[in-house]
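Each of the next two complexes has chain A plus one more chain, namely chain B in the first and chain C in the second.
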Partner chain A sequence: MKVTFPHMGHLWVVLKTALEGIGLEVVVPPPCTRRTLELGVRHAPESACLPLKVNLGNFLEAKELGADTIVMAGGVGPCRIGYYAQVQREILRDIGCEYEMVVFEPPDVHFSEVLEKVKYLNRRPWQEGLRGVMLAWQKACALDYLEQRVQHLRPREAQPGRVDAVFQRALRELAAAASRREIKRIVRQAEREMATLPLHTGRTVLKIGIVGEIYTVLEPLVNLNIEKRLGTLGVEVVRGLFISRWINDNLFKGLLPLPSHDPAKTAPPFLNHFVGGHGWESVGDAVTFARHGCDGVIQLAPLTCMPEIVAHSVMPAVQEAGGVPVMTLYLDEQTGEAGLQTRLEAFVDMLYWKKKRDKERRSAGAWGYFLGVGRGS
Partner chain B sequence: MKAVYLGIDVGSVSTNVVALDEQGKVLHTVYLRTKGQPIQAIQEGLRQLLTALGKDLKVKGVGTTGSGRSLAAVMVGADVVKNEITAHAVAANFAVPGVQTVIEIGGQDSKIIILRHGIVTDFAMNTVCAAGTGSFLDQQAARLGIPIEDFGRRALEARSPVRIAGRCAVFAESDMIHKQQQGHPIEDIIAGLCEALVRNYLNNVGKGKEILPPVVFQGGVAANAGMRRAFNRALGTEVIVPEHYGVMGAFGAALLAKDMGLRESAFRGFNLTEMEFKTGGFECQGCANHCEVVELREGSRLLARWGDRCGKWSNAVAV
Partner chain C sequence: MMGLKNKKWRLGVPRALFYYYYGSWWETFFHHLGVEIVVSPATCREIMDLGVELAVAEACLPVKVYYGHAAWLAPRVDALFVPRLVSVEDKSYICPKLMGLPDMLRAALKPCPPIIDTTVDLARRREEGLQSAIKGMAKALGMGANRVVEAVAAAKARYREQIFTPDGLKENTARQKLTVGIIGHGYLLYDRYLGMDVPEKVARMGGKVVFPEHLTEGEVEEACRQLSKRLYWTLGQKIMGAALHFMDRDDIDGIIHLTAFGCGPDSLVGDLAERYARRRGKPFLLLTLDEHTGEAGLNTRIEAFMDMLYRRRTA
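Our next item is the complex of A and B:
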């Protein structure tokens, strides 16, 4: 059995470690490229959303490397992810691409099924398998930690691209790491290198929160490298979605002491219940980011993504109440780079002016107060 | 020597050049079709500018905008490179101080910009429907055999505009043909078409935005009297069409360059109209992305490369 799985950002490092940990031979699909997208688009229904298409491309490319089994996430609730796996299975069969599919549904609904499937895949004594899974978890945390450093440094580094180079190397090393000690060493080394990078002096850095559907947020092929683009424009990106947090929220049911999204607390009154996908979290996170002083929020979603459309429809209210501009970007295989770049630049310009004006107003207000004229202008 | 500021707007349909004097007054504007050849269009634009203003110019600042802004910037040596939303907002605010809403409809895309107290607070560009309003109007005028210049004027003669389904260009066209066959007067059909396009714009681009006066209407389509009236009626307020409505992007870019208050511009000189620029390209085989890398050369000198997703080529050229 040679297993493969779909790409989503650097999730592959985590999945590879976990699956190898339980004794499986793993084929990591080639990195997502235009070719992946083209392969997927060719065989998927046109109206399917983008993640389905890219996943399909991943499977076809992994097949070329000899994979014969797919590990795929399923889902419940009003989002199409629930039947992705089934649709993909049919498409693959139609084009004569032989694959076995092991689909994991969320554990709260089908817990015994999950155990069944793990038992089916597992090739090692339980303790050893568990060790591999723990290692994968540690890697997820290490990667997410380093990525946050990258998000902080991108707008501040004087030579764009250097912090990403450090991160990419650490990513490769982490993929190969075999022990907790090694992971720690790699993280420390990367941190040290990041600390020596030359920085801009006196650049105004804006802060933008990214919310949206998890796949479009985490996969740079699909979002056209939005975080890098924003970094170059002088923006520090923050987001609530990280692989480690997603695992914690979804698989460990938030047992670990990590900051988790808590849409039930943050999203109302704008949106009072689960709407599928990450729609509820998108609204909740937008509110959180507004409260924590972000200058703006960008919502990302694949074109036609239903949960995000619901979230989108309440964003004007969030914008109004939170005083934070929200821009929604729908992405699909037709999204042009020039159009995306124009929107990002304009959004950043706008936030920059707003920040400047608010500052001027505040100082004008303070002066007015001193002069006994009263606050504000 | 006359001091001027230049603004260059390179879009997929048109390329515009504007020259301003030190007060921000427009000295000359050039409007050209890009025809897929931005380099030639930029050179031609500058040549026409020289013919109109004489050779005795001192360029004190250059700004570029539009989807070809980076190419134009490298080619002419720009001091500021800005996205078209910002450039349009700056120009509208200069032409009509205190403007709160900008409606911009060109050949291929349309946008709405919301300003409050002189700064942009919100904007949107058309996304889903690719058919540009400008090109669509051109097409329909041609189909009805009416010169586009008269098209809008005819709309004003309408007695009772017919209702046309404006959800998208395909629907609109077939509905128009249907209404024609029913025997509605052509004026009423044209006016109905304008109203449908305005509804479509307000529902798709302007959705959820608070449209407050003064409203500025700019871009090529603002020339159309029928569209102007349809907006007036739909919004219940007068839309103002500024004098240089067709070249506001270039105007804004020039204003931004002027605003920088530079002592020395990076402008490479008007002899660039005589230089030989070439774009070439190749497909990188470095990975499965197979990026189409484009390069700009002046003679044999490599000025810039772009189009790569990984930065392998664009980072290698120091501009």
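Our next item is the complex of A and C:
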């Protein structure tokens, strides 16, 4: 059995470690590229959401490397992700690409099934397997920690790109790391290097909170490296979604002591109910970011994503009440780099201008209207 | 929505989305409680334009049309009835967009009348969910328990009588040679403007039309057993079940799937239905409607499909 899985940002490092930890042979799909996207788009339903298409591309590319089993997450609605696996299975069948699929659904519905699946996959004594899973978890935390350092440094470094280079190397080393000690060493080493990077002096750094659907937030191929772009424009990015937190919320059902989203507290009165996916969190996080002094919020979503359309629809109210401009970006296979860059520059420009004005006359409020945000994109 | 003690107020009910499933229930219920109900008129150009302008561009067409109905009602009523439909049956959901609908409208309608947004969530504990939804509605209206019980009984009785056909679907019995299954959301099939009268068009071309609502729950469920995983959207299940059932029936010549641009669940359910139909050799026509769909192009596509069915029949 050679297992593969869909890509989502750096998740592959974590999944590879966990799956190898339980004794499986793993085929990491080639990194997402335009080709991945094109393969997926060719075979997937046209109006399906982007993650489904890119994942399908991952499976097709992994097949070329000999993978025969897919491990992926599912769900029980109301968002479409819970039915991805079924649709993908039928598509793969129709194009004659043979795969076995092991789909993990939320444990509150099928807990025994989850155990069955783990048992089915597990090739090692339990204790050893558990050790691999713990190692994967530690890597997730290390990656998320370093990524936050990167987000802080990008707008401040004098030579753009250097902090990313450090991070990329750490990422590769982490992927290969075999013990907790090694992970610690890699993190310390990366931190040390980051500390020596030459910084800008006196640049005004803006802070933008990124909210939205997790896949478009975490996968640089589909968001066209938005965080890097913003960093270069002098923006420090903050976000609430990280892999470690997602694992905690979804697989461990929030059992681990991590700060977690609390949309029930933050999203009302703008959105008063869970709407599937990350829609509720998007609104809640936008409110949180506005309260914590972010200059703006960017919402990312795959085109046609239902929960995010709900969130998008209430953003004008968030913007009005919080005095924070919100820009919604929908992404699909047609999204071009030039168009995205122009929109980001315009948004960032506006925020600089607003910040300056606000400083001069402490009268926040109506500026968001100038964006026309919330009326399409 | 609380504190509306005013007994003689007018409650606006948009004629869109789940009005097509529960309209008669709602009307009877409110009527029995002595509330004056104003239902928006059938969808028309003006209403659709209103909605298209108010909603975010990425919303699906039926939701945009709902915005239009709500906006039409807003200046004419004291409050709007926009229940938050989360789930109407066990372990199933309505589309995410309906879970956020009251909040979406509040953010878009300026000025926005009070909205009665009782949550209807029967996903986990059906009976309890229903009771609390009914209580919620009555409470918002400031009504006592005994009147509510009566109103519910009346509403239930009326709901059972309801049959689904678009008003005045005239089938051309003289030419009826083909049977065509038309699948899709009720608020698309039965809204003649939004659904562009597709069932009527098919009927006029000599088709006998069969809808998902003509099937029993058992038939739908039975057909859906062919799927490897239960569909967790109430309407998706109905559409898929009807599609699979129609495919297995020799007396049904073809299937038309009517869908709205931007519909999330349909993008997967429709694709699956089409895949199964192709594998089984059942003619299948997908019609995606948006605010720009032209009448002429639509007619041509339906005609071509019907012609093809005739040819298969006689071949």
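The rule is simple: the second predicted complex is superposed on the first by the 361 of 377 C-alpha atoms of A that agree within 3 Å, B and C clash if a C-alpha of one lies under 4 Å from a C-alpha of the other, contacts with A are read in each partner's own complex, and residues count from 1 in each chain.
As a convention for this text, contacts are C-beta pairs under 8 Å (C-beta built on N, C-alpha and C of every residue); 3 or more make two chains touch, one makes a residue touch a chain.
Predicted model, so just to flag it, every value in this text is computed and none were measured.
In the superposition on chain A, A:330 makes contact with both chain B and chain C.
Judged by the touch definition given at the top, the superposed model places A:276 against chain C, while chain B stays out of reach. Once chain A of one complex is fitted onto chain A of the other, the partner contacts of A:284 are absent, as it touches neither chain B nor chain C.
Of the two partner chains placed by superposition, only chain C is touched by A:304; chain B is not. Of the two partners chain B and chain C, more residues of chain A are touched by C. By the touch criterion defined above, A:155 lies against neither chain B nor chain C after alignment on the C-alpha atoms of chain A. With both structures placed on the common chain, the touch criterion links A:33 to chain B but leaves chain C unconnected. When the shared chain is aligned, chain C comes close enough to touch A:317, but chain B does not. Of the two partner chains, chain B is the only one touched by A:338; chain C is not.
Once the two complexes are overlaid on the shared chain, A:209 sits clear of chain B and of chain C alike.
Taken together, the two complexes place residues 316, 330 of chain A in contact with chain B and also with chain C. Residues 30-31, 33-36, 161, 225, 316, 325, 330, 338-339, 341-343, 345-347, 349-350, 353-354, 357 of chain A touch chain B in their complex. Across the interface of their complex, chain C is touched by residues 45-49, 76-80, 82-83, 85-87, 89-91, 94, 270-277, 279, 303-307, 309-317, 328, 330, 374-377 of chain A.
The part of chain C that touches chain A in the complex is made up of residues 55-59, 84, 86, 91-97, 99-100, 102-104, 106-108, 117, 119, 227-229, 231-233, 262-268, 270-272, 275.
Interface residues of chain B facing chain A in the complex, by the touch rule stated above, are 67, 82-86, 117, 119-123, 125, 127, 208, 287-291, 309, 311, 315.
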